[in-house]
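What follows is a pair of complexes built around subunit A, which joins subunit B in one and subunit C in the other.
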Partner chain A sequence: MDFVFVQLLTGLSSAAALFLVASGLTIIFGVTRVVNFAHGSLCMLGAYIGWSVLRLLPRDPSGFVFGVLLAAAATGAIGLAIEIGLLRRVYRAPELLQLLLTFAVLLILQDVTQMVWGAADLTLPRPLWLRAFVRIGDARIARYDLYPIAIGPLVLGLLWLLMRRTRFGMLVRAATENRQMVAALGVNEKILFSAVFALGAALAGLGGALSLPGGSANLQIDLSVVVEAFVVVVVGGMGSLPGAFLASVLIGVLQAFGIVLLPKITLVLVFSVMALVLAIRPQGLFGRRAASAAPAEVFTLIRPASAAVKWFGLAALIVAAVAPFFVGPYWVSVLTEAAISVLFAASLHFAMGPGGMPSFGHAAWFGIGAYAAGLGLRIFALPMEAGMALAPLAAGLVAALFAACVVRLSGVYLAMLTLALAQIVWAGASQLVDLTGGDNGILGVRPAAWATNPKVFYWLALALCVGAALVLRGVLFAPFGYALRAARDRPLRAEAIGLDAVRLRLVALTISGAAAGLSGGVFAYAKGSVFPTYIAVGKSVDALLMVLLGGVQTMAGPIVGAIAYTGLFDALLLATDFWRLALGLLIVVLVLVFPSGIAGMAGRLR
Partner chain B sequence: MTLLAVEGLRKSFDGVHAVAGVSFRLQAGEMLALIGPNGAGKSTCFNLLNGQLRPDAGRVLLDGTDITGRQPRQIWRLGVGRSFQVASVFASMTVIENLQTALIAQAGQVFRFGRPADGYFRAEAAALLRLVGMAEQGGQAAGVLAYGDVKRLELALALANDPRLLLMDEPTAGMAPAERGALMALVRRIARERGTAVLFTEHDMEIVFSSADRILVMDRGRLIAEGDAASVRADPRVRAVYLGEP
Partner chain C sequence: MTISRRNVLAGSAIALARSGVALSPAQAQGNAPIRIGEINSYTAIPAFTLPYRNGWQLAVEQVNAAGGVLGRPIEVISRDDAGKPQEAIRLAGELLGEQKVDLLSGGYLSNVGLAIADYALAQKRLFVASEPLTDALVWSAGNRYTFRLRPSTYMQAAMLVEEAQKLPAKTWVTVAPNYEYGQSAVKWFKQLLLAKRPDVTFIGEQWPALGKIDAGATVQALAQAKPDAILNITFGADLTQFVRAGNTAGLFEGRAVVSMLTGEPEYLEPLDDETPTGWIVTGYPRDTLNTKANTDFVTAYRARFNAAPMMGSVVGYAMIRAIVAGIAKTGSVDTEKMVDGFKDAAFDTPFGPAYFRAIDHQSTLGTFVGRTGTKAGSHGTHGEMVDWHYADGANYLPDDATVRKLRPAAD
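Presenting the complex of A and B:
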């Protein structure tokens, strides 16, 4: 009984912290329709700023309150600067570019934070008044664990008053429910959006600063918090405050009990709940079904490659094939990775470009392929050839099952669900230590005897990956590809000429997953090992960057993008410790200046 | 021969009775116009007929078969083509590729992954383009066509399965007056030659009176008048709706 009670309180406590961050995220989304990937970074900044401020203030309750509010205000100001400097420029851009831009902010803030505060975790000595224990029955609970339980509902109440009783709140609600209406009311959209973003950022900062007595300011906060906050917002319904509150409680309590009862699969549990809610109520617990889909995107004409491009491609392939005779082992390994990247990027492009299904968790298929090869070797002692065949089969099978549940969802929800799946697979890979070796990974994934020479393996990777990428390209110009693109361009028109969009997308996701799985399988043998990092968010973002760098609206895009990105990334890693900052700035330039990517630009210049 | 029979069709959105009990019949080869002021429920009617919306009540019979509540793609298979009020064509394709896609779907060859679609149904697609007077424009991007050409491409798409019933929601909206007459004359010829039944809406009364065999007048979800041009023109309720006469 006591155990249940204590875990319940712990759960409610973390729920409150979760709610602070998620409420900001959901308000921002409701009004601006931007999914702010940098929201966890704002929370992290709140924690660091809070640390700096609270250290200097008297350690009594009023000093604490003042310091925390100051940290929230400072974070709000930083949010405002980000909105005015960057986000304001992309409100009319496709969702994916918006997400990418906020991801760039995440990367930049990560490195900037490290420059300012250093890499070590920062903790505050707990002030005496928070250290006291409270007795409830037989249980003793620390005050610093209890006080958030009061703050969650308090903030909800204040936000409720703000939304119901003020003109600002009325505008926010109007904008969330009906965008046209705000324009019709003659409100200055710019000011409204800026104010909302600053408010959301301040809430995140508040959440970060308040977490200090119980935890620390550290560089892992950004990703861990934003992924959890996403789950909360999606489960609650995007844009809904009460939804965010209910979902926070649900997820917080689930985690508190999960950690004790099923420590290995807590994350799986959380993401499964999200998948379940979305499968039953695609718009989340309190979300509204979008009246009609997002404003129609403008799709550019897609042409088969011209003779010049084909000759260029052939020449490049010949150069790639003879390269090992002229370059050293380091470059052979870089080229191997580039070949694998080409297929990885092409597989994402297949689903995301012509298929119209953006994905934030494409690494799931890559990782499943890699683990299929690794586990096939470890459990069944499969030879390399069989392992590489198993990789696309396993990934394609999981992708088909996953697709069957989610293809009806659209846009952001679909992207988030693939992220959720990737996180589940990642959690499984790192937590099921007996099977996967956990973070130590699976080692000794060696190529077959005939392919152990790195040059030979490179040729194998080149043949498999570039070959598969060309097959994907071929499929896009076959009847299936036309039909898939038709269903993306104009869903209703496509249905009215007899196309079954759901089946088309299901098959497309399966093909895309299988192709990514193959690239993962080849990667496992190229590296000789399989680690959970193959499925991490960063890997999914790699794929996105490659596709966007090349240009999502072109067919050659992913190939060009993968090669450019692999080269660029290696150069960045060699040149600077702050590669995140450099990469982040690069993405900013890419999104703001060249949204159509390299191949898109080249096409326009011709 | 009655091709389409509509019985007591109803649909409301959040309490708005967009279609509140509509019944009519349409013969093979007949041109039937559905007219009415903005918001009368005409587009909703079309969406109910081609399966894009599911009616709250009522039935739709195509050649005696109950097709109520079937999917748009199933209804297309039964020989119903439609065009949309807001013209919608596939912008990432050329004009001829748009038609090839429709013909591929019609032939049930969508799940083919090898031979380039470019080689499928070229002649048939070209014939459809000639029919709507776009023979020269097959290679153009569908996304940047002039509005009148988009409407013609829409018509060609709707004709790709050689339909028995053609549903056309404002087929000439946005076209120049001369083009409108030509397009409707073409539709009329197709209806005569192939015995295709045509249901269309149109705001231009000249076009309606000159090309329709029969006219249905709709207001606030209900049919308020029915007949040929002369009788509809003379109907006091129609005059009230259109001209604000008491």
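Presenting the complex of A and C:
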């Protein structure tokens, strides 16, 4: 019994730590609609700043509290600078573009943090009062771990008071409901947004600084925190503080007991919880159903490309086809990857642009395709041709099953469920060691004899990937594509004329998944091996970046974006140790200069 | 030929040019540098790989100052794989195709190492893996073109079991990061310990996700099992959290702890004054290892980088020493000749001499096994390794028949 109580307390303690970070994320989203990918980075900065400050202060409780608050304030100031310098400029742009910008901030802060504080983990010596414990039966539980159990509800209460009982809070809530109206009434909504973002950043910084006595300031905090905080925010209902609190408690406590009962499932536990909650309550625990207060985006109707664009495309294809005669084997492999990226990005664009179904886990389909090819070879000794055929079939099948469960969800909740699926597939790939080879992957996935020559394989990849991308494009200009776009733009009118929106979306997700699966299958043979990293969050983010960089609302966008992003990434990785900084800065420039993506901008210039 | 060799060793470029007519094709490249392609996770794992880079840079400078190898200087062309095997493969292609390197080397993550090894097999080019610990690299996925420097997970587990079997402990729990390194370390430790001590039972296990340990709950779950001893495989930020939570909860009091890699400075130093004493660990007792090989290395490293070397530094340094020795023994940078020449090639490291085994291409470089202790310094108390001894890798590998069974590759 004591043990259950102790485990409950440790669960509540980590829940409170999670809540601090998640509360910041959720108020930022609630007010500004920005999905802040850099939130984990702010938490990491809080830890590093806290380390620098606390070293200089007396090690008594008052010095500690002062230092932690100082670190939170400094992180808030950094958040303010990010909001004013970057985010403020893109509030009118499509929502996901802000995500792209915050991702650039994440990249930049990774390098800047390492430059300022170095690569080694930084720890602070714990004075005796931080090592104190209380006894519960046989067990000893850190007194420091008990404070957060009080701090969590305290922060929740203070934020609630701020939002519900002050004029500031009233204005913020009004701005959440309708920005334009608040602005029209003479309120400077820019200051409101800045203040909220700074507050959210300060909460992240507070969470980071408070984690110091339990561990260290290190460079992995950003990514490990941000994904978990996302899950909490989505489970709680985006923008809801009590929801985030309840979700933190749910996840913290489940985690504490989960590792006792099933220690191997920690990798998927939180994502399974998220999937379950969203399956039952699609809007999250306390989320409001489809609060479409903001007017729906108005999309211009996209017609088939003009003759000039088609000629340009054909010329590019011819250049791509003859390129192997003029470049060495390395550049042939780069071109092969570019062709694969084009299909990968085009498949995401298919679901996300015309289908209106954004995805944070598109790598799931890519990975399923790659593993289908790899496992086909490993278990059934399938030849390459069969493996490449199996890849889209397997990914399409799983996508259809998945779509049948989630197709009624929309927007960011759907995106998060795809993330959950991708994480579960990833965990499966790395945990089912006997089947998949675990983290060591599947090696020796060699092309068939006739395609061993890198040039021949490139032509094969080009034919399959660009061919499939053109098919996707053809589908979008077929009646199906117009119907899909109609269901996205005007769901009620579309239904009134007899279009089955649910079925349209289901078919669209299936096609998208199958196409991504094909790109994964080709990738497996191009690389010669398959690893769980093909399904990692980073791979999904890559796809998202390509589409956003190219422009969601154009048909050429994903193609341009895929080539631009892989080209930039490959070149920067070769050119500099600080490629994350350089890539981040480049994305910032591209987003600020071309808010509708590269292809969108080119279209506007015409 | 002997004349030209001697001239080159004397560093006389003019004499080399004069005798150039008589040179064999390999030497006709004059003193153009031998190019070593190197790939590692510099941005993904900077805490290990930056000291590692310093280590190989120091070795390259020393080798070139002493006249290079085969009369040619060496040059390392280094690439960052961003922690992804798929990038590593592309960069390996770039190094071979564009940079025309003579061989590949590097790797930290096991999957990156395996990806490069598999690519090296497909391309029939030499790959000297430095850090990846997975046993698969030289055994189940071993191939003709891949050699590995560091002692594998199996070898480190065997070194720890040698000490662990002497403990009276009968009940054990394990805690390891939930990925390949953690899984195979626990598997080998259990298997080897049970072979020596059939009376031992493993009564609990924890598998925190790498980099995401829930330290409080993990520690309580381990304590609940009331084991006699604990095997820890976590490292880095996870280890720091685990140790702090364990200290507060009294998890380590009255229990034996066996812990892999914890004695390496990069993981021991962040533990600071919370370093638990008496843990049986593998690692690198940098400051108390007073052999000439080590003190020379530490002195040169400090002079060059104004910092103390880490385990990674030793790995980077030894990797270049091993490659240079292999090339010198081969007398050529032709891939097939090097693959044969690297077998049994002996080289010196800060830890002492080692060689690449012909049977599985694993080097016999060992590591140090000892206990953790604390030492009062000018900035407070620090952790250090005490009562250590060098465990030569050659003594901790299975017999040849077993190795042949584990390694399907013909050579």
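Just so we're on the same page, the second predicted complex is superposed on the first by the 572 of 606 C-alpha atoms of A that agree within 3 Å, B and C clash if a C-alpha of one lies under 4 Å from a C-alpha of the other, contacts with A are read in each partner's own complex, and residues count from 1 in each chain.
Going forward, a residue touches a chain if its C-beta (ideal position, glycine included) is under 8 Å from a C-beta of that chain, and two chains touch if they have at least 3 such contacts.
Everything numeric here is computed off the predicted structure, so don't read it as measured data.
With subunit A as the common reference, the superposed partners subunit B and subunit C fit together side by side.
Within the superposed three-chain model, A:G498 lies in touch with subunit B and out of touch with subunit C [touch as defined at top]. In the superposition on chain A, contact of A:W579 is made with subunit C only, not with subunit B.
Applying the stated contact rule after C-alpha superposition, one finds that A:S430 touches subunit C and leaves subunit B untouched. When both complexes are overlaid on chain A, the residue A:V593 reaches neither subunit B nor subunit C.
By the touch criterion stated above, A:A381 is placed in contact with neither subunit B nor subunit C. Legend: residue contacts after superposition of the two complexes on their common chain; A:V322 is shown touching neither subunit B nor subunit C.
Within the superposed three-chain model, A:Q255 lies in touch with subunit C and out of touch with subunit B [touch as defined at top]. In the superposed model, C is the one of subunit B and subunit C that contacts more residues of subunit A.
When the two structures are aligned on the shared chain, A:D489 is found in touch with subunit B, with no touch to subunit C. Put simply, the nearest alpha carbons of subunit B and subunit C end up 34 Å apart when the two models share chain A. Contact residues of subunit B toward subunit A in the complex are 50, 52, 71-73, 76-77, 81-82, 84, 88-94, 97-98, 100-102, 104-106, 109-118, 120, 141-144, 157, 160-161.
Every residue of subunit A that touches subunit C in the complex is listed here, in rising order: 3, 6-7, 10-11, 13-14, 110-111, 114, 119-123, 125-126, 131, 133, 138-142, 144-145, 213-216, 218-220, 224, 228, 255-256, 259-260, 263-264, 266-267, 328-330, 333-334, 337, 430-431, 433, 438-441, 443-444, 446, 523, 527-529, 531-534, 538, 570, 573-574, 577, 579-580.
Contact residues of subunit A toward subunit B in the complex are 298-302, 304, 354, 474-475, 477-483, 485-486, 488-490, 492-500, 504, 507, 553.
Partner subunit A is touched in their complex by these residues of subunit C: 42-43, 46-47, 50, 79-80, 82-87, 89-91, 93-94, 96-98, 110-111, 114-115, 118-119, 121-122, 134, 136, 141, 178-180, 183, 205-209, 211-212, 214-218, 220-221, 223-224, 236-237, 240-241, 244-245, 247-250, 266, 269-274, 380.
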